[in-house]
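Look at the two complexes coming up: subunit A is in both, with subunit B in one and subunit C in the other.
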Partner chain A sequence: MERVIVIGGGIAGMKTALDLNRRGIGVTIIEKENRLGGKVLGWHRLFPTFTPANEVVDTLKAEVASSEIDVRLGTCATALTEHSVTLSDGTVLDCDAVVLCSGFTLFDARIKEEYGYGIYDNVITSADLEEMFNQGRVGLKNGGRPRRIAFLHCVGSRDEKVCQRHCSKVCCVTGVKQAIEMKKLFPEADVFNFYMDIRMFGPGYEELYREAQQSYNIHFIRGRISEASPTIEGRLQIKAEDTLTGRPLKISVDMLVLLIGMRSNDDNASLAESAGLQLAQSGFMAPRDLFLSNVRSNRDGIFYAGTVTAPKSIGEVLNEGAAVADAVTEYLS
Partner chain B sequence: MTMNFFAPFCIPFMVGAVVMAVALVVKYARWIYELPRADKKLMLHGIFTRRSLEAIWEVFRESLLHRRIFKVNPLLGYMHMSLAFGWFLLILTGWIEVVAYLGFTYVPLQGHVFFKYFATGLEEHKPVFNFLMDFFLLMVLSGVFLAWCKRLYSKAMGMRRTTRHVLGDRIALSALWFVFPLRLAAESLTCAIYGGGGFLTGSIGSWLSAHVGGAVLEALYEPSWWLYSISLGVFFVALPFSRYMHIFTEIPLIFLRRYGLHPREKESSFDNFEIQACSRCGICIDPCQLQSVLGINDVQSVYFLRDRRYKMLTLSVANDCLMCGRCETKCPVGINLNSLRQNSRDTMRNIPDESRYGYLASVDRSEGEGRVGYFAGCMTLLTPRTLSAMERIFEAAGEDVWWADRNGGVCCGRPLKLSGETDSAKKMMRYNKELFYKHNITTLVTSCPICLRVFKEEYALRGIEVLHHSEYILRLMRQGRLKVKADGGKFTYHDPCELGRGSGIYDEPRAVIEAVGELLEAEHSRENSFCCGASLANTVINDAQQLKIARSMAAEFAQTGADTVVTSCPLCKKTVTRGTTMPVKDLSEVVAEHLA
Partner chain C sequence: MRRATWSEYQKDIADDKYYYARSCIRQNFFPGSERAFLNILSKDLGKDILDDPAHSSCTGIGYHSDIVPLETIMTVVARQFSLMNEAGYENFVTSCITSFGIYTEVLATWEEFPETEEKTRENLYKATGREFTKPKSLAHTSDIIFHFRDLIADKAVRRLVNRATGEPLKVVEHIGCHYAKIFPKSGIGGSEFPYVLAGMVDSWGGECVDYPERRHCCGFGFRNYLVQANRGYSIANSHKKLESMAPYHPDFIVANCPGCTMFLDKWQYTIAEMDGRTYGENGHGIPVLTYEEMAGLVLGYDPWELGMQMHQVDVEPLLDKMGVDYDPSAKYLGRNGKYIGKPEAAVVNGCSQDFIYDIKV
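Our next item is the complex of A and B:
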């Protein structure tokens, strides 16, 4: 029986493995964490429908568990060719094809030091907020209820100063979704979104954006925040420019949420070097082309699915899982 | 004995010498006449002091021996010394020789220069002069030979790149290259016909007389002296208008500098001495990271000075400089390259906007009470980990602090000054200075070397001691007010340009680091340290180019084996962070983490 190794056990890896397994192909998933699920595990609800994230992850995990897919947890791939994958403990697994589904890394908000993440209380990231939602304890550090909340878009995206020029695509709508969720939790609070552009590319996104403004009275201000600093009362003072009115702006808020971007994994470069793969300028893997071969790498027998090639939404990632299974089957026959 | 000291071939030389003398006198007289009043005063006060004697000694060391070039590369130093000192000795010994033969009698200039031609009728020979004159000629010729080699392969003399010269320089250079080989030819031919000469001209002369027919020698004799004279004449005419102006100009420059003259905030007549003392040796090119990392080849100090001298300076050349000072430390003439570039920018860009600074009058968001004032600066406010580390340090030391700008304040003025907007910068400086006085501080601490430099150099804060936080922290530690514990961490240190080369602070941050862990030096450190690339002084290169410089300079830190890169400038910290995957911290953060 042919064997395909899927590197990464997030939603892309699981979907790929399931679709391959369904066609009678032997699959091994390599996952560096001690559980399957990837980044979506940390998410509470998904845009634009507020679907609980675990509905997606748990369904995929259950299907994997009831299949014959060989899952190796707590180990990662350090090198690969089209016929083998080397694991971190030195083991070499032989195979007939490899699908790289190793995803992305969340931008480290501490690099944008001027926003005070990790320095001031109540500066959190969008990922932290989801975790708070999951744990059911959303609020200020001192347990209080926020009266004013600011979301800042494009933290670590479209920012040359931190070497991340690309758009992370999903943060705009995440910001809208989270703003609505906060407004639902704290109806008395004022919620602001500071943005450069609002990119509502998917079905239902634009509608959600309109709803945020019309039904939830969430304020959208076009302009990036330049810096945040603590006030004597323990709030956060933020400086920004409202670029639509051309005025500098200074407001105090209780909570600042940084919508952090998706950046390429640090080990993309070494994996690419081991297999002779091409990297895009952003550090993500570069597929053979962006159209008919968007799940194929530049080397036969090595494939991609999910956010290892670029930021994508969950729906797009799952589609790629199906598409790559198709491409691998075609390659193996 | 009477001698005739004129021959038609002397005319090119004589014309050249006169043109050069007139040009030099006119230039120097005008520059001195146009000096600012204060500079003239300094000059008058300095002339009859020991500074003049020190200047003479420096002229000997630098204009003749070129000691500073020896430090760059011994071979390069020898090349310059053999040309300058060799030629000087040739002239000096020549004059003594004339006196030795003829006694103290008037001999016109061309008589000295072409003495071998006119002195063929001498009955007695003084072999010691023959030897010395040949020896010094050989010395100069070896320099010319090295100069030829340098054109072909400059790396042998420690220079990766040499200057690309303009046409005028090329003409002067070619003339200079021919002067001494032609002199050798003319003198050797003279020896071949009339005998005499030392080990060089004499030997070649006897070889020629033995192997070449007398008619041929006769035919070559006069033309060789003509060519020698023409090459001298061409060189002298070109000298005041080419790079060779440096030969003479370095001398008054050394004297004026000893009297305390220096380039000012605005362009002044003194700048002429500095600009025209540049020999365009190109030693400033190699240290320039714009060249070595980005391949930008037309903005370095040598080209900036050249463009300014010939009035073809463009804003894009004047602004395309990190002002990191790496070239300035290497300049063998000690030209104040950054000051000159800065006052050029002032001339080109200083357009004060009167309406923009009205808000200054009403701003005082300072807080706290204390004799020690802390000025974070804009960049520290954008890197708040440094600010909060300083808060912890002040608290640990029990210092009462007046916070000048924790809630926002007015810029120190240096960024505007660097961009040439000197008068606008002055407004900010005046505001901050009044603020410091108003709050009665006696010590001013800043975490930003950019602010530090302008406080020290421009603010003239009487009664207020200005300290960089590295100096202040070290002082607290030495006074026993700040206790730190070492934990065996390995650190490497990046010298910020404005702190190191700019303010001469190298040891204090190192002493602080050594108190908390081990310091591992990168290959280029202290005076030789690289610029992070994000210097405020450069408004031309783009972000990608800045990043390229940051990556290239940060590569050395990983090789040290350190765990953490430490720097003491908020701007450097931000930039180095982009260039490496290693953690980058401000000195204050490291100290705050190690408080006992």
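Our next item is the complex of A and C:
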């Protein structure tokens, strides 16, 4: 039986493995964490439908569990070729093809020091907010209810200063979704979204953006926040420029949510070097082309699915899982 | 404040053998500070530091005013390095923040564009017959005091503590823009949460105040101040900072830039006279110290030897809080007991406040 190694046990890896397994191909999933699920495990609800994230992850996990897929947890790939994958403990697994589904890394908001993440209590990231939603404990550090909440888009995306020139694509709609969720939890609060462009590319996204403004009275201000500082009342003073009115703006808020971007994994470069793969300028893996071979690498027998090649939404990632299974099957036949 | 990131910004600071480059303007603004630095380094810490009379201005203010071209300032900088080489030193220490920014910028430019370094070498040789090697390390004098802050704490005769209450003194620290805002990695703690002054305050028992306009410009700003018509911007910036810090009741301000120290000090008088608005305890102003003065007080130096009588805002309330012994009658006696003159009475000079002042404490 042919065997394919899928590197990464997030939704891309699980979807790929399931579709290959259904075709009678032996699959091994290599996952560095001690559980399957990847980043989506940390998410509460998914845009634009507010579907619980665990519905997606749990369904895929249950299907993997009831399949014959070989799952290796708590280990990662350090090198690969089209015929083998070397694990962190030195084990070499032989295979007939490899699908790289190792995903992305969340941007570390501490790098944008001016926003005070890690220094000021009520500066949090979008991932932190999802974690709060999951725990059912959303509020200020002191347990209080926020009266004014600001979301800042593009933290670690489209930002040359931190070497992240690419758009992370999903943060805009995440900001809209989370703003609505906060407004539902704290109807008395004013919620502001500071953005440089709002990119509503997917089905239902534009409608959600409109709903945020019309039904929830969420304010959208075109301008980036330059800095956050503490006030004597324990709030946060933020400065920005409203670029539509051309005026500087300074307001105090109780909570600042940084919509952090998706950046490429640090080990992409070493994996690429081990296998002779090409990297995009952004550090993500570069597919053979962006149209007819977007799940193929430049090396026969090595494939990609999901956010290892670029930021993508969950729907797009799952589609790529199906597409790569087709491409691998064709290659093996 | 949890300045968790400062330790990620480190740079090599030499332990000894420094070539000292003075500031053009600090001699006028805070004349005792540079002497205090030399004394602290050589007498208290036993370090080798050369105060070379042959070095010149870095011409930084001329450069930032578009009077001195880039090629010229690079050649001037190269000459300073040549003097350092001639004296047998490798570690360049500069007293002025503008100069520190200039030296950092020139070295970075040479690194990035090697042809500019070659051209500078040619220019220096043509003009003076000199050659040079680049310094092994470049530091601002506040970096050096920061580097030895624990040694100074060991030798301290007093701490930054209110003697009457035992509480830490509340300190507003302000770094000059050219210390870290141009090249954040050249400053201890970077530009957003700089630690160079905060580290001294922490080590010597004080407590730093984080306030909304902590990062805001002090009001110096070459374009604000050097162009006379723009001076309103200068005072407006200082005013904004003072208004922002006032509710925190700071005991004093410490800065590491000649411009910041002077403007935050002297504009307090001007704001009082223009607007009737005064700050600090009893409206007598918030004293503004250089880091050498702060170190000097901790080490037990006489405040008048440190030149603190030259401040616009009187420092006596702070000296009393810290329990510093001083002779009030010697305040305006300069070297050899010569009377140096006394400023007109104003609210920031400790005269009694009257109804015209809107005291913001």
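Please note the rule applied: the second predicted complex is superposed on the first by the 333 of 333 C-alpha atoms of A that agree within 3 Å, B and C clash if a C-alpha of one lies under 4 Å from a C-alpha of the other, contacts with A are read in each partner's own complex, and residues count from 1 in each chain.
Following the convention adopted for this analysis, contacts are C-beta pairs under 8 Å (C-beta built on N, C-alpha and C of every residue); 3 or more make two chains touch, one makes a residue touch a chain.
Remember, predicted model here, so these are calculated numbers, not experimental data.
Colleague: Once both complexes are superposed via subunit A, do subunit B and subunit C end up clashing or fitting?
Modeller: Subunit B and subunit C clash in the superposed model.
Colleague: Just checking: does A:G276 make contact with subunit B only, subunit C only, both, or neither of them? Give me first, second, both or neither.
Modeller: After superposing on A, A:G276 lies clear of both subunit B and subunit C.
Colleague: With both complexes superposed on chain A, which partner does A:G315 reach: first (subunit B), second (subunit C), both or neither?
Modeller: Once the two structures are laid over each other on A, A:G315 reaches no partner at all.
Colleague: Let me test your reading of the model: by the given contact rule, A:G144 touches which partner, first (subunit B), second (subunit C), both or neither?
Modeller: neither
Colleague: For A:S229, is the partner it touches subunit B (first), subunit C (second), both, or none of the two (neither)?
Modeller: Both partners, subunit B and subunit C.
Colleague: With the two structures laid over each other on chain A, which partner does A:P203 touch: subunit B (first), subunit C (second), both, or neither?
Modeller: A:P203: touches no partner chain.
Colleague: After superposition on the shared chain, which partner residues are touched by A:E160: those of subunit B (first), subunit C (second), both, or neither?
Modeller: first
Colleague: So, does A:D266 touch the first partner subunit B, the second partner subunit C, both, or neither?
Modeller: Only subunit B is touched by A:D266; subunit C is not.
Colleague: Looking at subunit A, which of its residues have contacts with both subunit B and subunit C?
Modeller: 113-114, 116, 119, 227, 229
Colleague: Given the complex with subunit A, which residues does subunit B contribute to the contact?
Modeller: 381-385, 388, 406-407, 543-544, 547, 574, 577-578, 581
Colleague: In the complex formed with subunit A, which residues of subunit C make contact?
Modeller: Listed in rising order, the residues of subunit C that touch subunit A are 1-5, 190-193, 210-215, 247-248.
Colleague: Which subunit A residues qualify as touching subunit C in the complex?
Modeller: 110, 113-114, 116, 118-119, 227, 229-232, 237
Colleague: How about subunit A: which of its residues touch subunit B in the complex?
Modeller: Touching subunit B: residues 111, 113-114, 116, 119-120, 160-163, 226-227, 229, 266 of subunit A.
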